[in-house]
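Next up, some structures in C-alpha cells.
Two complexes, one shared chain (subunit A), two partners (subunit B, subunit C).
Up next is the complex of A and B:
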C-alpha cells in the first residue's frame, strides 16, 4: 500500500453548501447529466426489460396458479406452501447445493493448478496452445457436449468403461447409479467450465509483480510455501471473482443433468432449474415454477452476499 | 448532512414522474396482453402446422406444402418443424408458443399428448367427420379402429391417426446365429425370451448386452406391464363414440369400442406391477439387459447394428432407421412382444390436433383430411421412418429395400391382437411420465428396491392424478 491518496472524483462545488439551500446545478452540469443519462439509457433499459421486469414478473406469477392456457388464478402463498412440502423440490435444492460445493471446488482447484503450470517456464507457443485448449470447451454448447459425454459414459457401450476394462476395472454405472450419476455430471460440468476460471487465474497471475516473488525467494520461500503465502493472497481478488461467478453458474446448472441423466436415477441428479423447467413447461404449473425460481433467486443472492462478506477477511487487495 | 426538506421544484418533478408512471401503468393495464403475434410481420395469414422436426425433414415438409397447394391453392400453408428430442419436449415447446401468443392452428400430436390437447386445447372433429363422412369412408376402412379409438377423448374424435408404432421385438440375425438360436415363434413366451437372452449372453463377449431398453412411457416398462395383464393406471373406456363406430366400421370391429380410453386410479403397488419390475430387476442382475437409461435411445441403432445388442423393443420406425445405419434387410427381423399372462401389446399413434385458438378451423380441417390421404402418406413415409396408419400401405414392396422379413408383424400387432392398446396417457401425462421414469430408475437398482420404489411411485402418481392440468 502507498500513502498517496488519489482523489477519485473532483467535487463540482464546495463541500460546505451555503445555509440558504442547495445550489442550482449549472447549465454545463445539467448537460453532462443528460449526456450521461443518454449513454446509460440502453443499458438501463436492457436491465429493466430483461432483468428487473422478469424478476418482478416471476415474483408476481409465484402468487398465482397459471397453466398458460387459462387465466391466472390468485393463489397467495399456496405455491410456496406446495414447494416447501414437495419432496422433489427439496431434494433438488439439496442436490444443487451439493453440486455447487463439489463442482466449484473442483473447478477452481483444476483451474488454479493448470494456471500455475501454464504460467511456469515453457515456450510461448506451447503456452498459447494450452490456454486455447483449456478454454475451448467453454465456447462449445453444453447440450452438445453432454450428448457426446452421454455416449462416452454409457455403462454398456461407452468408451470410458471400455478403457477401464483394459486395465481390469469392472464397468461403472456412471449415469445409471444413484452413487455415481452426480459424480459424472460434475465431471462433465467441470470439464467444460474450468476454462473460465483458468483464464481469470492466468490473468491474475500475470498481474502479480515479479519483485514480490523475488523478495519471497530471497527470504527463503520456495515451491508450495511461496504459492501459499505469496501467490494465493495476491490472487485472492481473482479467486473471489472466480468463486462468485462459479457459484452463481453452478446454482443454475441445467443442461448437463438434463441431457446426461434427466435428473435420475430417481431424483439423484435433479437440480433446481430442472424442477423449474419441468414444473413450468412439462406440467404447466407456472406459479409453482415461479415460486421455486424466486427461492433460487433468494438463495443465489444470499450465497453471493455471504461470499462478499467473507471476502473482507480473506481477500487481500494490493 | 444534506437538507432533508424537499423543495417545491423537487416535489413538482417527482409528482410529474409519478403521474407519468401511473399513466403508463394505466395504459398498459387497459391494453390486451401483448403477444408474439403482435410483432409486425409475424402473422402472414398462413395456416400454421407445427410438426415434430426430426420426424419431418425438409423433404417431407416440401412434399406436404406443395401437395397441399395443388389441392387447395387458396390456403396459404406454413409448416413449423419444431426441433425436439421426444414428444414430451415437443409438447413443452408447443405450449411455450401458446404462452407466447403464437399458437399454431394445428399440432402434430402423439398418443402421449392426445388427451392433454383434447382436454385443454383441442377442438373435436365430430361435426366435420359427420359432414364429410362419404369422403372419409375409405380412410376409416383402411385404419384399424384401435388407432382411431386412441385419438378419442370422452366420446369425441380429436385427431385422424396417420401413423403408429407398436412395441414389437427386433432381433439381430447375426447375434441369433452366434447363439445358435432360431427365430422365435409368434406365440413365444416370457420364459422363451429369457432363455434366448441367456443363450445370447453365453455366446458373446463382455461388451455385449442381450436386451436393450429405454426408460420411457412408450416401449419401456409399459409393454411388460401389458404382457403381464396390468397397467400403470386403471384403464377403462369412456362412453360415447357410437356415431363413429356405427357410421364407419362393420359390426365385427365395433365390439367393445367406446368414446376413448380413460386412465384413472394409479396401481403401481398392484402385485402384477411388482412382479413385472421384479422380472426386469432379475434380468439386470443377470446382466441380461441394460439398466434403465432415460432418453430416446439415440445410441441404440449404433449398438444394435454392430451386434452389441441382441434384441430390443421398437416399432416400424426402426426399419428405416436400421436401413440408414447400414443394416441389410435380412440382417435383422421383428417378432411380436413375448406372451406372459397375455400377449396384449402397446402402441402410440399420431395425427393432427386442431387448436381452439385457431381462426382458420375450416382450412385446418381440410389439411387434416389432406394429411390422412393415402397418396400424401405414401410420399411422406417413403423411407419407413414410421408405421403408416393405413393398412393398405404395408406391403412387401415397401419393406423390400429396408426389411424386416416379417414386416406383417407391424400391422398384425393390431389385427391379430385386438386388445392391443395405447400407452397410458391421461391429461396429466407429463407428470405421470416423469414419475414413472424417476421411480423405475430407482426400483431397478436392485431387487430389494422394487417394493419401496413402487410405493413411492404410487404415492406420486396419486398426487399427479389428483391435480387439475
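Up next is the complex of A and C:
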C-alpha cells in the first residue's frame, strides 16, 4: 500500500503546505485522517464500551430495582434513600473514610521519613538496596499477601503477637475484635502501599537543587528545622500528588478487608467497595450496588476537588 | 573548606549517619520480613509452620508443601490462566496505547482535543464504579466466566495512551518531516521512523500491565465463577479458605510460586516499573 501511494502523494505536498484552512484536503491529509481513525479505534471504542457506557449505565441502573433475572422495576430515588438509611452501607462509608484518613496519613508519614533518610549520605549501592526493599511489596498481589498476613496477625500463633510479646505486650485479637480489626487492615494496606509514596518522595527530593540545602545549612538551619522550613515547602507539589493518589486508592480498598476479615467482625471492616461487591454479586441487588457505586464516584471526585482547593494555600511551586 | 564546615554542622545536628542507616536497615527488614517468613515457612513441614520464634532457616528444609499445593489445586492450570490473561493484556495494551498515543501526539484529525480529554477523564473513573454494567455488558456477550471477558475490557488503557503520547511528543519532529519529504506515507513514517524508537515507552506500559494484571483480584473474583477459569490469586485465596489453618505451609508454597514471575519482572524491569508507577500515580 505504502509504495504505490508515494507518487500520488508527492506532488500534493508543496500545495498542501501554504494552503492551510478550509482548502480541499490533500491525499496526505486524507491518509493521515484515515490512519488516525484506525489508530484510535481500539482505544476509543474500548473506552466507550467499557467505561463511558457503564458510567451512564450505573446511573440508570441506580434508579431501578433489578436482580438480573426478573425485569427491572423503576425505583426512582429509593436506592439512594436506602443507602442513607441502611446501617451496613452507612457504616461502610464511615469505615472507608476512617480507613482513608488513617491509612493515607500513616503511609505518607512513613514514606516521607524513609525518603528523607534514604536521601542522606550513604554508599550508592546501599541506597539502591533500601530503595528496592521499600518498593518491593508493590509488586506483590494484595490478595495473596493478605493471605500471608492473615497468618501473621493470628492471635494465637501469629508472628506479630509473638514479637509484641517480646516487648511485654499481651496478645492482641487483631482480626477477631471489632476494636482492632481495622487497625490490622490499615497496617497490612500501608505495609504494601507506602513504597508508592516513598518513590514519589525520593523523586521529589532529587528535584530539589542541592544549593538550596547548602544555603540553608550555611544560614544555620539544621536537622528537623531545615526539613520543616526548607524541604517540606519545596516538596509540597509532590506531597499533593502523593496525597491525592493515596486518597483515591484508599477509597477503593477491597482486597485486604475481603481476605483478612471479610468485612467483620460485625461490619467493623466492611468498606464501600465490599458493599458494592456483596450487594451486586452475592445478593443480586444490582440497583442498590449501582447507587453505592455512583455515590463512591461522587465522593472520590469531591474529595479530590477539595484537596486541590486546599492545596492552593499549602503548595508552593518553585 | 566550606565542605568541611558543612560536614561538621551535619554531624553535630543531625542523626549520626550510622544510626540513620541502622534505622533504615530495620525498616527494610520489617518490609521484607513477611516475604522472608513466607519463603522460609513454605520450606518447613506443615507441622512446623506454627513454630515460634519463627526460624528463618528451616532446620529440615523440605519441599513437601510444594508437592502438597500441586495435590490440592491445579497449579499449572492457574498459572496458565494467569499467564494467558496477563500476557495478552500486556501485549494488547502496548498495541492500543502505542497506536492511540502516536495518533494524539503526531497526527492531525478532527475532534483531537475532545477525544484526548475523554481518554484523560476516564483515568479518574474507578473500576469498581463501572463493574456492575461491565459485568452486564460481558454477560450479554456471553463472556462472563471466560478468560476473554477478563482480557478484552482491559485492552484500552487511558494511562498507557497518555504515557505513549508524552513519549512520542518527546521525539524530534524533524525525523518524521524528513521522512515525509522523502515521500514516506503517514503509515510508513510511523512504522519505520517513530515506532522503533518507542520501545522504552512501550516497555513501561507492558511492565505496568503485567504487574497489575498478574496480581489482579477484583475482576477475576467477579467474572470467573468456575474453578477452571481461576487465576493464581483467586486460586490461592480459595485454597486458604478450603484448607483452614491446618496447612499453612502448603498455602504459603502456593503464594511463593505465584510470586516468582512478579519478582522476576521486579528484578529485570525495575526501572520501567518505577518510572511507570511514579509517573502514573496509578498503582492498581
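Everything below uses one rule, namely that the second predicted complex is superposed on the first by the 265 of 318 C-alpha atoms of A that agree within 3 Å, B and C clash if a C-alpha of one lies under 4 Å from a C-alpha of the other, contacts with A are read in each partner's own complex, and residues count from 1 in each chain.
Here, contacts are C-beta pairs under 8 Å (C-beta built on N, C-alpha and C of every residue); 3 or more make two chains touch, one makes a residue touch a chain.
Predicted, not measured: the structure shown is a model, and the values here were computed from it.
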item	value
Contacts of A:76 with subunit B and subunit C, given as first, second, both or neither	neither
First (subunit B), second (subunit C), both or neither touched by A:33	second
Contacts of A:249 with subunit B and subunit C, given as first, second, both or neither	second
Partner chain(s) touched by A:266 [first = subunit B, second = subunit C, both, neither]	first
Dominant toucher of subunit A (residue count), subunit B or subunit C	C
Subunit B versus subunit C as contact partner of A:149, first or second or both or neither	second
Touched partner set for A:176, first subunit B, second subunit C, both or neither	first
Which superposed partner A:168 touches (first subunit B, second subunit C, both, neither)	neither
Residues on subunit A lying within both footprints (that of subunit B and that of subunit C)	68, 147, 150-151, 154, 157, 162, 281
Touching residues (chain side subunit B, partner subunit A) in the complex	2-3, 7, 88, 91-93, 95-96, 98-99, 120-121, 206-207, 209, 212, 215, 290-295, 298-299, 302-303, 308, 430-431, 434, 437-439, 441-442, 445, 453, 469
Of subunit A, residues touching subunit B in the complex	21-22, 67-69, 147, 150-151, 154-157, 162, 165, 173, 175-178, 261-267, 278, 281-284
Complex contacts: residues of subunit C adjacent to subunit A	2, 6, 9-10, 12-15, 17, 20-21, 23-25, 27-28, 31-32, 34-35, 37-38, 50, 52-54, 95-97, 99-100, 102-104, 107-110, 115, 118-119, 122, 124-137, 139, 152-153, 155-158, 161, 180-181, 183-188, 190, 211, 214-218, 221-222, 232-234, 236-237, 240, 245, 248, 251-252, 255, 258-259, 262-263, 265-266, 270, 273-274, 277-278, 281-284
Complex contact set, residues of subunit A against subunit C	1-2, 5-6, 9-10, 13, 28-29, 31-33, 35-40, 42-47, 49-55, 57-58, 61, 68, 114, 117-118, 120-122, 126, 129-130, 132-145, 147-152, 154, 157, 159, 162, 191, 193, 195-196, 199-200, 203, 214, 217-218, 222-223, 241, 244-245, 248-249, 251-252, 254-255, 259, 273, 276-277, 280-281, 286, 289-290, 293-294, 296-297, 300-301, 304
